[in-house]
Structures are given as structure tokens and as C-alpha cells.
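Here you go, one structure.
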Amino acid sequence: MAALLETRELTKRFGGLVATGGVDLSIEPGEIRGLIGPNGAGKTTLVNLIAGLYPPDAGDIRLDGQSLVGLRPHAIARRGLVRSFQVGRLFGNMSVRENLLLPYLAQSGGSDAGAAQVRAARFLDLTRLGALADAPAKTLSGGQRALLQVVAGFMAPGLKCYVLDEPFAGINPTIKDAIIDLIEQENQASRITFIIVSHEMAIVRRLCRRVTVMVEGRIAAEGTLDEVAARGDVLAAYLGRGWT
Amino acid sequence: MTSMLRIATATLALLAAATVAHAADPVVIGLEIPLSPPGDPTAGQLIRRGGELAIEYINGPMGGVLGDRKAALAVQDSQGRTESGIAAYRRLVSEDHAVAVTGFFHSSVNLAANEVAKELGVPTMATQASASDITGKHYDVAFRTHVIDPVRVSAWLDFIKAKNFKRVAILAETTDYGIGLAEETEKQSKQQKLAVEFMTVTFDHGSTDLTPLLLQVKAFRPDLLVNIGVGQPMDLMVEQAATLGITPQTPMLVSYDAPIRPQFWQLHPKTGAGLYFIAYYSPKQKLSDAGEWFAKAYEEKYKESPVYSSLNGFGDVLIIAQAVNQAKSTDPKAVIKALETGTFKSWTSSPVTFPRADGVFFHNWSPPVLILQYTAANQDWKEASVIVEHAGSAP
Amino acid sequence: MFTTELFVQTLIAGVVIGVLYALMALGITFIYSIVKMINWSMGEFYMIGGYLQYLLIVEWLGTDLWWVAAPLSAFGVFLLGYLLEPLLIKPMFTTAVERKDDYAIVVTIALLLMLRNLAAALGGPYQRTPGSNLPTVMLGPLPESGARLAAFLCALAAIALFYLLLKKTWLGLALRAAAQSRIGAQTAGVDVFRLDQVAFGIGVGLAGLAGALLAPVFMVFPTSGVVTTVKGFEIIVIGGLGSIPGALVAGVLLGVVESLGASFISAPYQNVYGFLLVVLVLLVRPTGLFGERTRQA
């Protein structure tokens, strides 16, 4: 089966530091891939490269066979690749509903407002944020904001691949469950592909059939969580740097 | 020995060539005028026209300067600001080697330039700048061929007396020009013990809205409103006073001759009729032969009748050329001496002198001051009624 | 002299001029909220709006169709801004410009000088006016020039339309999002570079509209933008950078303070009262009355 998202020899340097060095990644359509590794391994850099926040120094990124290198983040989003941020980028002064409508309208070029509203209503329902639909997003609790941020990504029409950067960090179990349910649902119903960066091994085990381990900017191992956990070098890398 | 001789001959030849070249250099007369805002560029352009025609006259009918040398004009923009004015004066003296600098329109610029002139020694001549201190400070370098505050104020006090106005509102901009005139008005009215109540209000030259002051003035119920603004504030006041219903029931006097300019009726098509204003030239006046030459040349070139700013610009450049001739030198000290002791021809029929007189009349020659009135909309200024005619120079 | 009638008249005059100032300030604050830079040449776009209005009326439409000419002039200025932005402002974001704020200052001041001198060169330094046939109107006890009142009403309408644009349209949604988080908006699929162009165009278009409406009131000449720029910035400081209600409230406040101060305290210091208000706000509430510290995306 042809990969949905591929990177080849992907390299990024910041000054003298090699944040990612020659990363070859291949994600199948419909996969939920975990991306794990100690702090400073380059996971967020990889996500930023894929999402087009900055250009790579070398290598290629392909979505559905087409190169994403050189495209701006908004163009990448319109191709169907969406990402969420570790520190939530919500629009605090806009209502919850508006936060949901924006990604849809932005990518549909402003047309189809009706479809956008329907889709937003569906997700408001699923997440039980309906009662807060018209409240400014900044009035939501921390957990609700994390949920909203994740859900906003689902609003993109033509969503193919969703990259989530630490979506579970510091939020309560109920919200965590809600996010997990959402991911599983959309994965099954619409065959959305996911890449999830996380330190929460229990969740990674539950959601991700395969994980990719990054250490010091390189892919150290790939396989099921049990396979990679058994590898001595991976353990050493983690222990050397300490768990979070 | 022969090589020494060759070097000597070569050096002498070079020196001779240099002297010949120098002798052919034109005598430069500097013109410092406002050509861009916040200065009044219309005034500057008009003065410039006069200066340029003066050069033609000097090099043509007058036969040149100091024998066979030509006169040339060097022009710099003062922008109506003191810093630019100082820089402009310096440039005219050090780069253009002007023998004198004239053209001054804004009083603040002239005053600033005079301080520098005191050091550098090249004389200045005010063409249309009227603040007292320009000549009142008795600087050897400072001269003027324009109406000074006392004469202008004397003219409008005559007007006030003649019309029997009892309550007069003065709105003056806070520049040397505005404040000077406001203070002089107070002074002279006290001296003459006039039975007139004055209300004096000052405003910033850059004000965008004179409504608050005009409302206060309206509440004072004046018989006359004296508009001592220059450029935009003057126009603003004409319009806003009309909007608030002060004019035309209460007459307004504009303190300088802007209403004679062609744009005036474009800016004030509905509010210009009935306006009184100061002017310094009326076509009914007799001109000198140079003045006649000028009027004809101006009409041919610009298809308009000449106005005071151009006439005086012409006159000033002409006077300087004559002074250089009388001094038989371009040395600034000699030119100053010639200006003080000589008699000169300008555009009017009366001769011009710059005596070391008392007070503000020092080094000053004043043309007559007129107060005109537009009696109909879109009226040609030459048809405007002459209400007051007040003699010029020292009383 | 103080009477109730005088007070009311002065107050009304202050409100009228204040709303007009606010239209200027709106453009500045709006551009800042999206493009994150201060456009120092705002006054020059105001000036161009005035010239366009003058030309449209004198050459083609005539004085009475001023209300047709004004939106056209505003659109013309919008177009100018829209076309200039990719040349002058966009490099700030796309190339590796160090010290973006310094770059923005230099570029917009250069633009200021260029536009001002261009206007003087093309049109001459003279003052012009498209004229107005609107009659004087009584606003309560205050006689107000028809043109000034018309400008006031149109400014209010423009501000209302602008508000609707921001709140009700999809473009407005995108603009608000970009103002709050540039990266967030990009990631959501908004082409922020195209948006910058539009935002810059709208911002200068507002200034151009102010210039067109005020052409018969304050006249048109190459430096007519200078005073309006100063007022615009005073309002931004008082109201808070990036706040639209702030621009309106601060504009009216400034107009009223200047008006009352000039009338009842001392006229020549009219502009000083505004600056005193600015200093007061800076001391008491440095981010402005409505300002809040937005996080840099």
C-alpha cells in the first residue's frame, strides 16, 4: 500500500545543532502512529517541518505522493495535513463555535458556510461543548481548551492526516478519554491518519499500533510499543535523559 | 634656469586664466523663500517670479553688474521652518557665494537667519516678513522692504476708528507674526487711548479646528474680527466663522494679502464676499520705469497681473544689484554700507532708502498699506474697493 | 467665559471631530493588529484620499456627488495599499529580516516621504478643496458645517460597516484569528500573507476615506496628513493598540478634551491637552484604556 505521509532524509539544523538528521518516516493511510522519545529528541521539530512552519535544510516530505517542501502552513493544511500545538493555539477572543468554523472556512475559501455550521454542531455535540458554543474560548477551562484545540483540527474539510503534538499533556482523565474516543472514532469512520507525539505510554499503547522512537534527531527504532520498549538502546536513551 | 622660467610662465598663465574666469563669474543674489509646507509655497512662488524677472532686467536693460558681469539667482527653500531657514541661508552664503540674501516671507525664518547673518556678515533683506524684531534689533546685516507691524496696525486702527467699531476680536496664531501684531495692536490702541474693547485669542498654527475659540468669540459679540492667521489657519477661520454664523454679519479683516491670490475664490466661493483684507499694491499706484517694465514682462509671461509679492521680490533683487554697483564691490561690508547710504529704484515711483532710523524703522522701507474689500463674490482683486490707504515709511 | 450653551456647543464640536479622528486611528490600529507593524505613513494615505476625492469631483462627478466619490476614493486608496504591501511590507515576513520593527519603521517612513514629495511634485504645494454645497445644520445649539456633519455621519457608518465586516463575515473571522495568533491562523489554513495585503489595504482605505470625507473641511495639500497621523497615534495610545472600540472611545475623548480645553482653559494649547491625556493614560494604564497584552504568536 502506498504511504500517505513520507519523509526522506529529512534534516534540519539550528546553528550547530542537528535537530533532525536524515529522518526517513513512512506512515500508511489509516494508521495511528505514535512518535515518542526523550525530551529534545527532535519530535516537535519533525512535526514543525512536516507542517511547514520552517523549511528543511535537506530531504523531502510527501503527502499522497506530492512534495510539501516549500509550501506554507496554510497550503499544507489545505492539502489535508493538520497539526495541533503543544501549547494550545486557540483564538481566545473568538467564541468556541467560531474557533471551530475557522479551519473549515479557511480551507474551503469561505464558501459552504452551511456545511461548516453542520459539522461544527456535530463536534460540539460529540464533545459536549454545545452549551459553551457562544462563549469566548478564553473562558474555557484548561482541559476544555485542549479538547477544543484537538476538535478544531477535525473541522478541516478533506482532512487526511492529523499530527497531534502532546495533546494529553496536563489534562484531566475525563478530557483525555474524550480525546481518545474522538481519535478512534474519526480513524474508524473517516479513515483519518494520525501521528501522535506523546509521553503518556498508556495512551500510546492503547491508540497506536506502531510507534517511532526518536533519539537525538534520528529514528532509533520502529515497531509496536512492546517491541521498541524491549530494545536496550532505546531504554538507555530514555533512562539517560530521564522520564517525564 | 629655463625650466624655472617655464614653471614661472605656466604659473602666471594659470593665475591669469583664473582671474579672467573669476571676473566672468556671475554675481549671485540669494533668494530664500518658502516652497513647501508648512511654509506658504504660493507666496514663495510669487516672490520667485519677481526675482527671476529682476535678473532678466539686471542683465538686460540695466546692463549687468560691476561693469560686464551678469547677475544670477540662487534659490533655497526655507519650508517656513526655522531650522530649514538657517540651513538655507548657510547654503546660499557658503556654497552659492551669494552677495546678499532676500526673499524672506516668514518672520520666524527671517529672525533665525538674521542671527546667523550676524556671524557670517552677508546681509539679509526681508521681502514680506513683518515682525518688528527683524529690523528692531538693529543688526547691521538686516534690511527690509516691507510693511512693518506698527504701520500695519496703524492702518487697521485707522479702519477701526473710521468705522466706529467698539468691540474687536483678534484671533492670532502663536507665531512671531501673529503674536507681534497682537501685541502691537494693544500697544498702539493704549497710546491712542482708543475707546475700543479688545478680545485677543491665540491659537496654534497647526490647529485643525477653531470652533471652540470661535464660539467664545461669538459670545463676545464683536463688531470686527481680525484674522491673524497665515495659510491654512487663515482659510479655516474664514470658513468656520461663516459656518458658526459670525460672518458676514460681523465683518472680518484678514491681516495679509492672501485674498488677492487666484486660488482664493476657489477656496472660499461662498464666504469671500464682504471680506476686508490688507494689500500692499493697487493697480492705481504709479510705478517706476523698472516697475512698468516688470509689469509688462510679468503679464506677458504669466498671463496675469503682477501682485505685491512678485513686485517686491523684483524690487529687492534689483536693489541689491544696485547696491553692489554703488559699492563697486561684492564685499558684504561694502554692500551694507552702500545700502545704508544710497538711494535705490524699486517698483514704486518713490525712491528707496534704508536709514539708520530709530526703533523698528531702522534699515526699513515700507510700501503703502491698503485695506481693500471684496464687495461681490468672485471679484477680481483689482476691482476691490479701497477702504483705507495708509502711508508707508517712517512717520 | 462659561455658559451652559457654550459648553454644550463645545462638547458637540469635540464629539464630531473626535469621531473623524477615530476613523484615522482605526486604520492604524487595525493594520497593527494583523500585520503587527505600525504604519507611519498613514497620514499620507489620508492625504491621497483627499486628492482622489478632489480629482474625482472636479474632473468628473461634481461637488454634489461627493457621496459617490468618497467610497471610490477610499477604494482607490485600498487598491494602492493592497498593491504596495507585497512590495514593501511582506519582505518583513518572508525574508530573513532581522529586527522587524526597525524595518517597518524605516520602510513606512520612507513611504511617507516618497508619497508626500510625489504629491507636491504632481499637484503642486497649493491647497485645494473639492468644495461643498451642503448647507449649515444646527446640531442642537451648535451650527455645524454641512460637510463636517456629513463626514461625521459617514464616518460612523463606515465604522459600523467595518464592525459588521469583522464580526459577521468569514473574512472578518480570518482577520480576527490572525490578529490573535498568526501561527494559529496559518495552521488552520488561513493564507496570512494574502490576509496581510487585504488588511493593509483596508487599513489605509479607512484613512483614505477619512481624507476624502474631510477634503472640503480641512482642504487638500501635500502635508495634510501630518496632523492626522499625530492625532491617530495619540488615540492609539489612549485607546490601546489593537483595540477597535478603543479607537472610537479614545477618538471621541481626545476630540472632547481638546475642544473643551481650547475653549475654557487656553486656546493656544489645544494640542497640548491631548498630549496631557496621553501622558495620564500612560501613567495610569500603559496598555491603553481598552488595550490588553496579546500573546505574540
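In order of appearance the chains are A, B and C, and numbering begins at 1 in each one.
To be clear about the criterion, a residue touches a chain if its C-beta (ideal position, glycine included) is under 8 Å from a C-beta of that chain, and two chains touch if they have at least 3 such contacts.
Predicted model, so just to flag it, every value in this text is computed and none were measured.
> Tell me, which chains sit next to both chain B and chain C?
none
> Of all the chains shown, whose C-alpha centre falls nearest the centre of every protein C-alpha atom combined?
The chain sitting closest to the overall C-alpha centre is C.
> Which chain's centre, taken as the mean of its Cα atoms, is farthest from the centre of chain C?
Between chain C and the rest, the longest centre separation is with A.
> Mind checking the centre-to-centre distance between chain B and chain C? Centres are C-alpha means, answer in whole Å.
Centre separation, chain B to chain C: 38 Å.
> Just the number, please: Cα centre separation of chain A and chain C in whole Å.
A distance of 42 Å separates the two centres.
> Between chain A and chain B, tell me the centre distance in angstrom, where each centre is the average of that chain's C-alpha atoms.
Here the centre of chain B sits 76 Å away from the centre of chain A.
> Where does chain A touch two or more other chains at once, residue-wise?
In chain A, no residue touches at least two other chains, as defined above.
> Give the residues of chain C that touch two or more other chains, as numbers and ranges in rising order.
In chain C, no residue touches two or more other chains.
> Touching residues of chain A toward chain C in the complex: what are they?
Residues 51, 53, 72-75, 77-78, 82-83, 85, 89-94, 98, 101-103, 105-107, 110, 113, 152, 156 of chain A touch chain C in their complex.
> Would you tell me which residues of chain B are touching chain C in their complex?
For this pair, the touching residues of chain B are 35-38, 41-42, 174, 201-204, 206-209, 211-213, 215-216, 219-220, 231-232, 235-236, 239-240, 243-245, 263, 266-267, 269.
> Give every residue of chain C touching chain B within the complex, in rising order.
Residues 1, 3, 6, 9-10, 13-14, 17, 120, 124-129, 131, 136, 142-145, 148, 218-219, 221-223, 226-227, 231, 258-260, 262-263, 267-271 of chain C touch chain B in their complex.
> Show me the residue ranges of chain C that touch chain A in the complex, using the header's touch definition.
So the residues of chain C touching chain A come out as 170-171, 173-174, 176-177, 180-181, 183-193, 297.
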